[in-house]
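The letters A, B, C, D, E and F name the chains in turn, as written, and every chain counts its residues from 1.
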Amino acid sequence: MNSSLILSNVLNPPILFFFIGLAAVFLKSDLEIPQPIPKLFSLYLLFAIGFKGGHELHESGLTPEIAVTLLAAIIVAAVVPIYSFFILRLKLDIYNSAAIAATYGSISAVTFVTASTFLTRLNVEFGGHMVAALALMESPAIIVGLLLVRIFANRRAADDSTPDGSAPDGSAPDGSTPKAAFSWSEVLRESFLNGSVFLLMGSLLVGLVTRDQGWKSLQPFTGEMFYGILTFFLLDMGLVAARRFQDLRKGGSFLIGFSILMPVVNALIGIWIAALIQMSAGNALLFTVLCASASYIAVPAAMRMTVPEANPSLYISMALALTFPFNIIIGIPVYFQIIQHFWR
Amino acid sequence: MNSSLILSNVLNPPILFFFIGLAAVFLKSDLEIPQPIPKLFSLYLLFAIGFKGGHELHESGLTPEIAVTLLAAIIVAAVVPIYSFFILRLKLDIYNSAAIAATYGSISAVTFVTASTFLTRLNVEFGGHMVAALALMESPAIIVGLLLVRIFANRRAADDSTPDGSAPDGSAPDGSTPKAAFSWSEVLRESFLNGSVFLLMGSLLVGLVTRDQGWKSLQPFTGEMFYGILTFFLLDMGLVAARRFQDLRKGGSFLIGFSILMPVVNALIGIWIAALIQMSAGNALLFTVLCASASYIAVPAAMRMTVPEANPSLYISMALALTFPFNIIIGIPVYFQIIQHFWR
Amino acid sequence: MNSSLILSNVLNPPILFFFIGLAAVFLKSDLEIPQPIPKLFSLYLLFAIGFKGGHELHESGLTPEIAVTLLAAIIVAAVVPIYSFFILRLKLDIYNSAAIAATYGSISAVTFVTASTFLTRLNVEFGGHMVAALALMESPAIIVGLLLVRIFANRRAADDSTPDGSAPDGSAPDGSTPKAAFSWSEVLRESFLNGSVFLLMGSLLVGLVTRDQGWKSLQPFTGEMFYGILTFFLLDMGLVAARRFQDLRKGGSFLIGFSILMPVVNALIGIWIAALIQMSAGNALLFTVLCASASYIAVPAAMRMTVPEANPSLYISMALALTFPFNIIIGIPVYFQIIQHFWR
Amino acid sequence: MHMVKRLEIIASSREMHKILEPLDEAKLHYSIIRDVIGKSSWGEVSDDSDFASTTLSNIYILSFCTEQQVQPVLERIRPVLNKFGGVCYLSDATEIQSLK
Amino acid sequence: MHMVKRLEIIASSREMHKILEPLDEAKLHYSIIRDVIGKSSWGEVSDDSDFASTTLSNIYILSFCTEQQVQPVLERIRPVLNKFGGVCYLSDATEIQSLK
Amino acid sequence: MHMVKRLEIIASSREMHKILEPLDEAKLHYSIIRDVIGKSSWGEVSDDSDFASTTLSNIYILSFCTEQQVQPVLERIRPVLNKFGGVCYLSDATEIQSLK
């Protein structure tokens, strides 16, 4: 395989700053980017990619090809957590398996964005509707993850029928998970109204209905600043990924293996589907990257509320400290070479 | 009345993002923009509009027309609180009446900015001196508000002559408002040296004395980014306005009515004055919007210090949750249609 | 001396906003720029100047002239603290003398940047390698400062051989500085891996290896925004400098004198070295400003860890409240006039 | 000056509303400190991966109240803390009567 | 190890300087936590509408001091809290003597 | 419900890791509030000149633990506080047993 594409991917400011972030932590520098600066950057990125995607979707309109892509995206997001769950159950309990499964069914917007700047650099075109696919892939994984808990943790939940499960005088309560926790309204709210999903969807919508004048006025902010803010944000991602790396070592080799192999498997499935529905090479890469990436934004927030029994440091660390770096450094160029190979 | 202007006003990123913010709260999304991000955006907006206004004022010079406009602005800012106070006294105590009155005499910079992007979209010109009018309208309302308290709460204050109004051994003090609270130096400082007023005035001054080279170097920052940051900020304003909306319902229909009708009355007065002193249509809209808008930045900060007896959640919520949305969504296009009607 | 250069330096947005910041504090306005906004701005500035310098260094390559400049920079940074230390010892203890000495050997990136915008305004060219000089001058001063403590506080340290210097039952410990504090690994880490130094070096490196495409994509962010963010940041620097000014008055006239005279002496030495190694006028000014400026970012952080006996409010206040304003307001234009005088 | 109870609760910010509800209903006054990080048997809680609107850090709730007020609140908070995690402590304090 | 008083004050950040003045004059040492939100009979205090340099959130001041130090300070803080709002509590603590 | 100790430490954020190490080794649970400012005999600690990644503000560490747990931790924290500054206080509290 041609390694120059990997090198040319690495030798770009965003990836290099990611390495600088990693290096800072490994060398014990005190470099730090305190909250809410990372929050500001990620809100910006969601705002900008949503708006841009919406605008492009408006220009292209809803063609049959686009409809098929969106459908495929939803299906992948719903199916990935299912087989991931059973693989994870080999070693983990129901709650952690479901949470990690949902994480890998969902997507990472920054991985997507890094792939799109990779394509821009190679002058490969891609459609704005891929952002819509991105937005549509956050929620199904969350819902399927929760369904898995509901089905498989059923017996435990059935025992816990007291809505307010504690004895009145402080004597031993049963540590129960009241059924109320599964109120569907809360689950649906967490999936579709999760802040990140909501902002992305909202920006997409605004991009769709806004006319060219609005688009042009926002262009300096959402367009020209984009690459710089992405680069800066990746510096922070490097810092965080390196810090999370320690957590992961405690998780053992099974989880480390899962964090690398699962994205590769999902990427290959993504490439196969992309070929099947005849996406262009650019769209195929973005779709592949969506399949391969794991969420560290929307899913953790949703899981904390709805599967509090799962350990957030596990699923966040896997997505952030291994899958994310693997995808942006090695995954993107390798997936694209495979695509180029088959698309010719 | 031609409703297409309202629609074209609404179908623009800033207003649409305001709606997304509203929707996020009403649908119970967990979307949030934590401090100090909103503070950063509003400091930026004050910085940018001040600088821009100062630069344009430098280009135009101080013409008699401008002097008359500025004078009219100061007078309106001083008179509006007086009649507002007496209307509010029908239902409220002295302290809350004075604080709300000052709020409506003062202005909202974001409403002003939204009006100016509205004019830019329609290719209607307006003068940089309107920013000077904006800056001049914050302080008089604060001072008049405090004068109203001083005059009408006089007797109470007269009783409270102990500068340190508590019994030394913890026995019942009188909950008094020591006269010291009316130290004029503090009142004047709060009016003219309030952080927002100061930054706006300072930026205006810099814009005035800075030469073209400085202006051009700042243009990418204060000019090109402006629309994007305004849009992002309005997302946050939507979130906050929606949260404040609940507070307002407790306030009852009198206050809700006041929050909508007062701006309309003040707008009509503004239009009448603008016609009287023959402003251009663009300047007339901005002047009208200044009259119609209510402060949720400078005034609340000043009132908290100088009229602590008033309830901040009342005056902030009225300005933010009703008057502000009303003005930017319906007010601006409607006021402009009225102006267009009479200016022809 | 031609005072018009000073005036033209002052009449620019960054310096004017610095004055607005000063004025806000002196007039007791409540204008405030809360953390982490100033942190965001300074991270941005380090990121942008590092990247820009690296890119230009890549274009120029490492010429002998550049190598000599970098060497001179390191030597100055190492020698300045030595003579400063002995001057300061006239009035201060070992710890404070060493910390202040290190502060003046090191540099202020914002002073450097202000000087470079000054040159840009005058259309005077300068080399990207000066940023490398800037980056190289932070660390030596920190190391020399610590060496000075180690040598001169030797006897005291020798007594304190208990690594955990307190009696086990709370009875009088000796307030000792255990030798462990001088672990060289910690000192070197603080000097070279200090967050600011690390980010600057890292960005320089990325600028060096990144190709033109990466550079161009970042240009709107690191290039066009630069002046605006610098201006905004100087507003905050004005606020902080004015607040620190009070601290300084307690320090007495010796420290106030030192804060003004030391930069002038160091500047003259800088000009002399620049002439000796035949720098261009632009590079000479930047080199002079590096010599004359004092650190308030990297050094304080390093000193807090490694010389906790020194009083941070002393060395931060001197660098920030006097040396910094002196350099950016009067120093830069005066140094440049001297350079112009001799370079002709 | 009279004796009051000092109620302290530390829990994830995502459960803030669930915990405040009983306090609000009991008409307790309280203060909230946000962006608290920590460590417990569940592991470390930090905010460095709180991107976008995700907030996984803790909040610290402090309420001074009377002994009678606190009991019913504790009963209602306990199940929330049991399910989602979080700790709760009581101690004594003296109110400096401000006699408003 | 000796017993000290633990003084806690919660008030609006806009009154910070007024409250700190007596503490400074009594040479108390203290710590301040900013951006505190809360609820009391005066209603909710949040920072979501703190735009520009407006800060309407609360601060939490904590000072460990001796009983003798605290009394005169309380006398001077009380009128400020009475006028502008804010609460103040005392409790007991043991200082772990660091013997600097 | 059982009695616990309330351990409070205030120190510069730059010594955070040095202070947390003994707590971690003693397996204490704790919470940390950052960006705390303050005043002591060493002067004022503020964060307004914390540029770039410099952080010179304080942290407040709060840990509820048993009397036995706390003693060995105190011994190890003391030298750090003696060298770099910082204060440490103990008080009493009642744990509202959550019985997880």
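The criterion applied here is as follows: a contact is a pair of C-beta atoms (placed from the backbone, for glycine too) under 8 Å apart; a residue touches a chain by one contact, two chains touch by 3 or more.
Model, not experiment: these values are computed from the prediction.
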item	value
Intersection of contact partners for chain C and chain F	A, E
Same or different residue numbers at the chain E/chain F copy interface, by half rule	different
Farthest-lying chain, centroid of Cα atoms versus that of chain D	C
Rigid-body rotation angle, chain F and chain D, from Cα fit (steps of 5°)	120
Contact-richer chain pair (by C-beta pairs counted) among C-E and A-D	A-D
Whole-Å gap separating chain A and chain F, where each centre is the average of the chain's CA atoms	36
Approximate Å spacing (C-alpha centroids) for the pair chain B, chain C	41
Geometric centre distance via CA averages, chain D-chain C, whole Å	44
Per-residue multi-chain contacts in chain C, two or more chains	30-36, 39-40, 43, 166, 170, 173, 175, 194-195, 199, 220, 224-225, 301
Multi-chain contact residues (two or more partners), chain E	14, 33, 35, 53, 55, 78, 82, 85, 91-92, 96, 99-100
Pairs of chains in contact (touch as defined earlier), listed by label	A-B, A-C, A-D, A-F, B-C, B-D, B-E, C-E, C-F, D-E, D-F, E-F
Footprint of chain B on chain C - complex, ascending	11-13, 16-17, 20, 23-24, 27-37, 40, 117, 121, 220, 224-225, 227-229, 231-232, 235
Residues of chain B that touch chain D when the two form their complex	30-34, 166, 170, 172-173, 175
For the chain F and chain E complex, residues of the former touching the latter	8, 10, 33, 35-41, 58, 60, 74, 78, 81-82, 85-92
Residue numbers on chain F that touch chain A, as the complex places them	1, 14, 53, 55, 96-97, 99-100
Of chain D, residues touching chain A in the complex	12, 14, 35, 42-44, 47-56, 75-76, 78-79, 82-85
